[in-house]
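Paired with subunit B in one complex and with subunit C in the other, subunit A is shared by the two complexes that follow.
Entry: the complex of A and B
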């Protein structure tokens, strides 16, 4: 979830890496630094660590492209530009190489069998280029620009982009959005915003049946993007009990 | 009738009346003609409505019981007045049952005399809008003038039909002032079938209520202020009956001399 205040934006995310019913680790940082003044919180498949069929965004890909722009042009991208770039990547991937729409047409005398063979080869081949499948990650991008202050962008997994003051993804969003609607004001100070985030975390912990135990909170303001706090109720157990 | 070619499993029922009879027409998937049955009524019926069996769309998200066009929720309407037009939309951006934002922009200005309102899936609304602005800017550079609304409508139709077998899941409403300040409105379905109209056009999840409201409230040759009142009332009363659209309204009234943009506050829910 994310909140914009006066001259800053706060993003909080749970820190559990889950695979169906199993919790891999509960201190995984899902909020990445895009550059010195931008944060990206990505929820969905844990894709940028290992190869998985089903479509994954490489947040690192966006990170590197943002850096590339800075190197090429000498000035960093604005948050709006970075958000639109990310949205463009997601939108392109959304309609690229889906099995239904791509039908290779081969016009030879043995048209039927070659067509079938090509289709089969194509299907095999496309399992090797997983990157082309639609991404299934939801993104909240927070950033600070000197000209326009702090901003928060909500990017859906189907590439819906919207600039928001408060946003949330996942099952927790049902609870946290309502809490934020009640208590949010547009000129909150850092303390008040953290209080609001804590209220949301409390709500999630008490009402969500699969509530994640730990959360990380990061802040971005004119001094840059940085870790703010962790809210841990379960520490990672590193050794088994004997 | 059925605006979405993707809904291949829908059965369409049409109930209409004429000459003391009520006809029930049924169009099933795979059939190319309507099955008609009729009942004799004692009087001349004065209604027409249709129902559509909700269709299941095959998609990656298993929690999608409704159509992909109803994923984000939208309502757009355009009306013609005397040498002016008005185009209005709701402001809700939702993800199925959840509201994400209440200030989503569905109507965009292409140039001073042509506006396009896009309803349907929000991501395609944004992608399509960017493509159209790009094409119009190129046109402006090449032709050194703005596009006429009729031309623009043909452009949108062509762009949508390019994606015939993987369409942009949105339904545009185009409104503009043509030659001699004559207002022009049209809508099309997601693959570019144009529907020109002389009075009003609607699209979105609230389209059925909008048809009713507009039909009741519309009068030909309204001036700009009266047109604004009419379209606002029609929009607000229709979105009140649709849970997926609402949270206020955004109205543009365009005359040859000025563009007036107004935000409406209706039932905020």
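Entry: the complex of A and C
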């Protein structure tokens, strides 16, 4: 979920990495730094958040293209431009085949050649296998631009793009959006915004049947994007309890 | 010679690749560029031939960043440079994406040199008419590096080097006067070397440096360059006076 306040934007995400009924880890950071003044919170299939077989490069690819723009043009992309670029990528992939495809600006490393063969096999047996969604990742992009201040963009998995003041994804959004509707005001201070986020987290923890135990909150303002806090109710246990 | 026009770069009977040598000629006509490697600083200085009054100098930068920790200066055909620099920048980001690591200076030099070589062995293309000086800090060891590539696609590491116009005289100067320097001394050495062939003055030189702590390229302002040039002139004058002084007392 994300919230825009006075000169800053806050994004919070749960930190559970889940695989069907099992929790892999509960301190998985799903909010990436896109550049010094942009944050991207991505939720959805792990294969779509970072480069993995079957998933196309998503947020990391966007990150590297944002950097490339900065080197080519001497100035960083605006948040709006980065959001539109991301949406464009999602939109293109929406109607593409869901097999790993090679882009002109990125090379597929040798290590993945085995997976490529498997992709080819998938193509042959594709009629027997249910296609995955090209992108099942929902994104909230928050950024600060000197000219236009803080902004938040809502990009969902079918390439919908909206500039919003508050947004949320996932089952928790059913609860947090209502909470935000009641308590959100424009131009909140950092303290007030954090209170709102905490209220949402409380709502999720008390009402969602599979509530994630831990959350991470990050903030972006004129001084850049950085971690703000973690809200942990369960610490990661490194050794099995006896 | 119908048989010889599929590949433009073909061997001559005495083993030369004339196109590559002509490309080196193009480099020799380009702006002088100097690179110096210090213990904790790397400096690139490029000659700025008289800038037209109406031109916006910011759009004609000769020293560019390829990535946060790697920079490049070149001598030769500027249009070719744009293409090469663009490909190198893409490669830097591509490397970061697929290997989750920034490029080493050697890697990107090898990539650029490889690209230059490819164009000496393909059909229907001519070699890139430029030599590059690539500087940077290795992302993990934080060691400074200076590399040079040329149109034939060879590359090597240097402590200090020059390319472009009058590069031989600059290199001679550097060979005579090079010593391990750090910080401002490295900048002065680079500027002194360039001043051998260029009129002195902040508006005729473009200087950029990278230090180990900062890690990113910093272009020097004209005023800063003027100040350093003034220092160098003062030092030169003092050295001259010292030489003349004792010899008068005979």
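FYI, the second predicted complex is superposed on the first by the 196 of 242 C-alpha atoms of A that agree within 3 Å, B and C clash if a C-alpha of one lies under 4 Å from a C-alpha of the other, contacts with A are read in each partner's own complex, and residues count from 1 in each chain.
Rule of thumb we're sticking to: contacts are C-beta pairs under 8 Å (C-beta built on N, C-alpha and C of every residue); 3 or more make two chains touch, one makes a residue touch a chain.
Note that the structure is a prediction, hence the values are computed from the model and not measured.
A.B. asks: For A:211, is the partner it touches subunit B (first), subunit C (second), both, or none of the two (neither)?
C.D. replies: In the superposition, A:211 touches no partner, neither subunit B nor subunit C.
A.B. asks: Taking the superposition on A as described, I'd like to know which of subunit B and subunit C A:64 touches: first, second, both or neither.
C.D. replies: It touches subunit C, and subunit B stays clear.
A.B. asks: I'd like to know which partner A:154 touches here: subunit B for first, subunit C for second, both or neither.
C.D. replies: first
A.B. asks: Now for A:72: first (subunit B), second (subunit C), both, or neither, which partner does it touch?
C.D. replies: In the superposition, A:72 contacts subunit C only.
A.B. asks: Report for A:177: first if it touches subunit B alone, second if subunit C alone, otherwise both or neither.
C.D. replies: first
A.B. asks: Looking at the overlay, does A:18 come into contact with subunit B only (first), subunit C only (second), both, or neither?
C.D. replies: Neither partner.
A.B. asks: Determine, for the superposed model, which of the two partners subunit B and subunit C contacts more residues of subunit A.
C.D. replies: In the superposed model, B touches more residues of subunit A.
A.B. asks: Check whether A:164 is in contact with subunit B, with subunit C, with both or with neither, and answer first, second, both or neither.
C.D. replies: first
A.B. asks: State whether A:87 touches subunit B only (first), subunit C only (second), both chains, or neither.
C.D. replies: Only subunit B; A:87 stays clear of subunit C.
A.B. asks: Considering the complex alone, what residue numbers of subunit A touch subunit B?
C.D. replies: Where subunit A meets subunit B, its residues are 87, 91, 94-95, 98, 100-101, 134, 136, 154, 156, 158-162, 164, 167, 173-174, 177.
A.B. asks: Quick one: which bits of subunit A touch subunit C in the complex? Just the residue numbers, please.
C.D. replies: 51, 57, 60-61, 63-65, 67-68, 71-72, 105-109
A.B. asks: Given the complex with subunit A, which residues does subunit B contribute to the contact?
C.D. replies: 60, 72, 93, 95, 98, 100-101, 104, 121-123, 126-127, 165-166
A.B. asks: Going by the contact rule set out above, which residues of subunit C touch subunit A in the complex?
C.D. replies: Residue positions touching the partner: 65-67, 86, 89-90, 92-94, 96-99.
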